Structure formats: structure tokens, C-alpha cells
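These are the structures in question, set out in turn.
Both of the next two complexes hold subunit A, though its partner changes from subunit B to subunit C.
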Partner chain A sequence: MKYAIRAGDIEHGGSASARIKSELSRAGVDATTARRAGIVAFEGEMNLIVYSDDGGTLSVIVEPDAVMIELEDTGPGIEDIDLAMTPGFSTAPVWATDLGFGAGMGLVNMQKHSDIFEIHSKLGVGTRIQCRIERKGDWAMNRREG
Partner chain B sequence: MRLSEIIDRLSLDVLTPASDVDSEVTGAYCGDLLSHVLAKAAAGDLWITIQHHANIVAVAQVTGLQAVLIVDGRSPNEETLTRAKDGGIILLGTSESAFIMAGRLHTLLAD
Partner chain C sequence: MKLCDLAELIAGSILVGEDQPDLVIDRAFAADLLSDVLALTEEQTTLITGMVNPQVMRVAEILNVIAVIFVRGKVPPASLVEYANRLNIPLVTTKKTMFETCGLMYAHGVRACRSRSTCQMSDSG
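Up next, the complex of A and B:
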């Protein structure tokens, strides 16, 4: 699944993530993994809407033992990733914070709900985030059955 | 406690009338910062907030929350109501504050 997310499109914010979560459930991904993937996707989707210059892509790949979520944009890039990963740090505009976005927890939440979280960013070039969410619920179920 | 009983005991307005309010509420989370709701609310919680824009529906969906209680008499617009209906999220309303609602709900769930 690949979704194009438009910058500034707050009206549809979260719509892709809600669809992703229900598609994952339909594809047989366990509830815990689908929920974690939904949260990771939501935070990533909102980041593209609030911060990217020209939007970006939100991709989901379902593997036998994990769900992969990838986000990619073409700028502006993050100057200091460690600072951006600090809980509570935010550069969100007022229109976003008024709606309850921009609490400075987005990247933190993505990392917390991922088993592997990788972020690469370059000023003026863009940001790429890759998240791997292990299908632990499925494993537990397979173990019980097997 | 069943959501229908909470609606009755707290005199809540059901803003999405055709909703199935028979589900079980196991707890609640009170907050207006969406990332905190995503991080802290548990599936099955009732979410108490002043936010009433369309994005709350997606937050509820991905977090596994069945119902959102919008406090302070704030009203969601048509877009929010439509998305809630389509997404199977129950929207509730009250003119009371988050403080009053959280306190009364806490007492109800502790009984």
C-alpha cells in the first residue's frame, strides 16, 4: 500500500493511517501489531502534513513476520535529529498546536511503537523514515497452535 | 461497564445516533494533545476531550477507541460526524467540563 500525503492537508489528516490499520486487520495482521502500525503511520502522516514542503509518501509492506512502514519527503529536512527526537520538542505552527498536534511526541511515538526505527534526513534534500513492527501477536498465536 | 449505561448515567448526547452503544468501556483517557492520546490511551477506553475536528476520528480508529466524549458543549461539524459514522466511531457530547466528566466516570467505573 502506498499513499501520497499532501502538505497542509490537515482536513484529511489520519485518513490514510485509519485505512492502513483496517487493511492490516483485514489482511490477518493481529490487533496489537495493527494498532502499533496505525499509530506509527498516523504520526508519520501528520509529520508529512504539518512539516513537509511538498508532501510525501507513506508506504506499508506486510511481511510474514513484520509490518514495514516507510515515509519519504523532499524537504525541508531536519537540522538536528537528536533535538527533534527529544520528547516535547516541537517546531509546529500555531494552527497545528491549536488542533492538538505538535506536542513534540510524534517521532518519539513512532520509535516507541517500532522494533526497528531508522531516520535519515538532510537539510534541503528530505527525510526518510523506516519502521519495522514485528508481528509479535501472530508469533504468539503460531506458538500456541504449533 | 456498558457504554449505553454510561450514556444514561452521565446524561450524554449521542451525536452519531445510529451507533451501536452496547460495547464495553474498560477505562478512559482524558486529553487534548493527539500524540499523548495515541501513546497513552488503551484500546477500549472512552476518550474525553475538547477537540472536535475531523482528525479525532482517525486518532480513535488507530488507537482502538470506540467512543469520544466531546466536552464543554463543543459541536463537531458535518465532516467529523460523517467520518465517525463511516469509521464506526461513536461521538458523544456534553455541556459539562472534562474535569466533571472524568470525575463522574471514574466513580462509575470504580463501582
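Up next, the complex of A and C:
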């Protein structure tokens, strides 16, 4: 599944992710993995809407043992990834915070719900994020145990 | 607590879910920041919020939210109600504030849903 996400399109914000979550459930992905994938996709989708220059793509690949979510845009790029990954750090515009977003938890949340999280970004070029979510059932249980 | 009793307790109106009066509401999370709802809830929960934008229902769908309670007299647009109907997620509106709503529900046995604090998140980050 691949979705084109438009910059600033708050009206449809989250609709691709909601669709992804229900498609994953329909495809037989367990509820916990579908929920985690939905959260990762949603945060990524909102990031594309709020921060990207020209929108980007949100792709989902279902593998036998994992769900892969990939986000890509063509700018503006993130100057300091460590800073952007700091909980609470945000450069969100007021219109986004008015809607309940831009609390500086998006990237952190994506990382927390992914088993593998990779982010590459270059100023003026763009950002690419790849997330791997293992299909392991009750992730909360797994986290506690391991 | 049953959905119908909850609506009465908070002097609310059930917009969606009249057909599920016996639905059990025993866990809740209250926030206007949808980012926090996404980041912190770790189990199925009822959501108490003052936000009525379309993203609320999309978040509710992704998180398998049990029911949504809109506080401070916020009335969701028809499109949101329609969306909730399609997902079969009950919606309740109340003129009470978030604080009053939470207080009344807590006093009647509803407890916080399992969640992660932001401290834990940054500590383990």
C-alpha cells in the first residue's frame, strides 16, 4: 500500500493511517501489531502534513513476520535529528497545536512503537524514515519481559 | 459502569451508541492533545476530550477506543458522527468540563487506562 500525503491537508490528516490500520486487521495482522503500525503511520502522516514542503509518501509492506512502514519527503529536512527526537521538542505551527498535534512526541512515539526505527534527513533534500514492527502479538507483554 | 448510566451521570447525550446501553466503561484517558493519546495509552480505553476535529475519530479507530466523550459542550460535526456510526464507536457529549467529567467518572469506579508517563518515555529513550 502506498499513499501520497499532501502538505497542509489537515482535513484528511490521519485518514490514510486509519485505512492502513483497518486493512492490516483485514489482512490477518494481529490487533496489537495493527494498532502499533497505525500509530506509527499516523504520526508519520501528520508529520508529512504539518512539516513537509510538498507532502510525501507513506508506504506499508506486510511481511510474514513484520509490518514495514516507510515515509519519504523532499524537504525541508531536519537540521538536528537528536534535537527533533527529544520528547517535547517541537517546531509545529500554531494551527497544528490548535488541533491537538505538535506536542513534540511524534518521532519519539514512532520510535517507541517500532522494533527498528531508522531516520535519515538532509537539509534541503528531505527526510526518509523506515520503521519495522514485528508481528509478535502482545507487544506490551514482550516489552515487559524482554 | 454502563454507557447509559455514564451518560446520565455526566448529564450527557448519547450521539452514537444508543443501541449499546450496556457497554461497559471501566477505563478512561482524558486529553486534548491527540499526540498524548497516541503516545501514552497502552490499552483499549474510553477517550475524554474537548477536540472535535476529524482526527479524533481516526485516532479512536487506530487505538480501538471503546467510546469517546466530548466535554465542555463541544458538538462534533455531522461527518464525525457519521464516521463513529460506521465504526460503531459510541459518542457522548456533555456540557461539563473535563475536570468534572473525570471526577464524576472516577468517583463511580472508572479508572485510568494503563499508560506510559512521559518521564518513562524520555528515561528509556
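In this section, the second predicted complex is superposed on the first by the 137 of 146 C-alpha atoms of A that agree within 3 Å, B and C clash if a C-alpha of one lies under 4 Å from a C-alpha of the other, contacts with A are read in each partner's own complex, and residues count from 1 in each chain.
What we mean here is this: contacts are C-beta pairs under 8 Å (C-beta built on N, C-alpha and C of every residue); 3 or more make two chains touch, one makes a residue touch a chain.
Keep in mind it's a predicted model, so treat the numbers as computed, not measured.
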item	value
Side-by-side fit of subunit B and subunit C on subunit A, or clash	clash
Subunit B versus subunit C as contact partner of A:18, first or second or both or neither	both
Touching partner for A:88 - first (subunit B), second (subunit C), both, neither	second
Residues of subunit A touched, compared between subunit B and subunit C (which is higher)	C
Subunit B versus subunit C as contact partner of A:120, first or second or both or neither	neither
Partner chain(s) touched by A:6 [first = subunit B, second = subunit C, both, neither]	neither
First, second, both or neither for A:128, with subunit B first and subunit C second	neither
Subunit B versus subunit C as contact partner of A:136, first or second or both or neither	neither
Partner chain(s) touched by A:105 [first = subunit B, second = subunit C, both, neither]	both
Those residues of subunit A which subunit B touches in one complex and subunit C touches in the other	10-11, 13-15, 17-18, 21-22, 31, 35, 38-39, 42-43, 46, 99-101, 103-106, 108-109, 112
Touching residues (chain side subunit A, partner subunit C) in the complex	10-15, 17-18, 21-22, 31, 35, 38-39, 42-43, 46, 85-88, 99-106, 108-109, 111-112, 140
Subunit A-touching residues of subunit C, taken from the complex the two chains share	31-36, 38-39, 42-43, 49, 51, 53-59, 61-64, 114, 118, 121-122, 125
Subunit B residues within the subunit A interface of the complex	32-36, 38-39, 43, 49, 51, 53-55, 57-59, 61-64, 79, 83, 87
Residues of subunit A that touch subunit B when the two form their complex	10-11, 13-15, 17-18, 21-22, 31, 35, 38-39, 41-43, 46, 99-101, 103-106, 108-109, 112
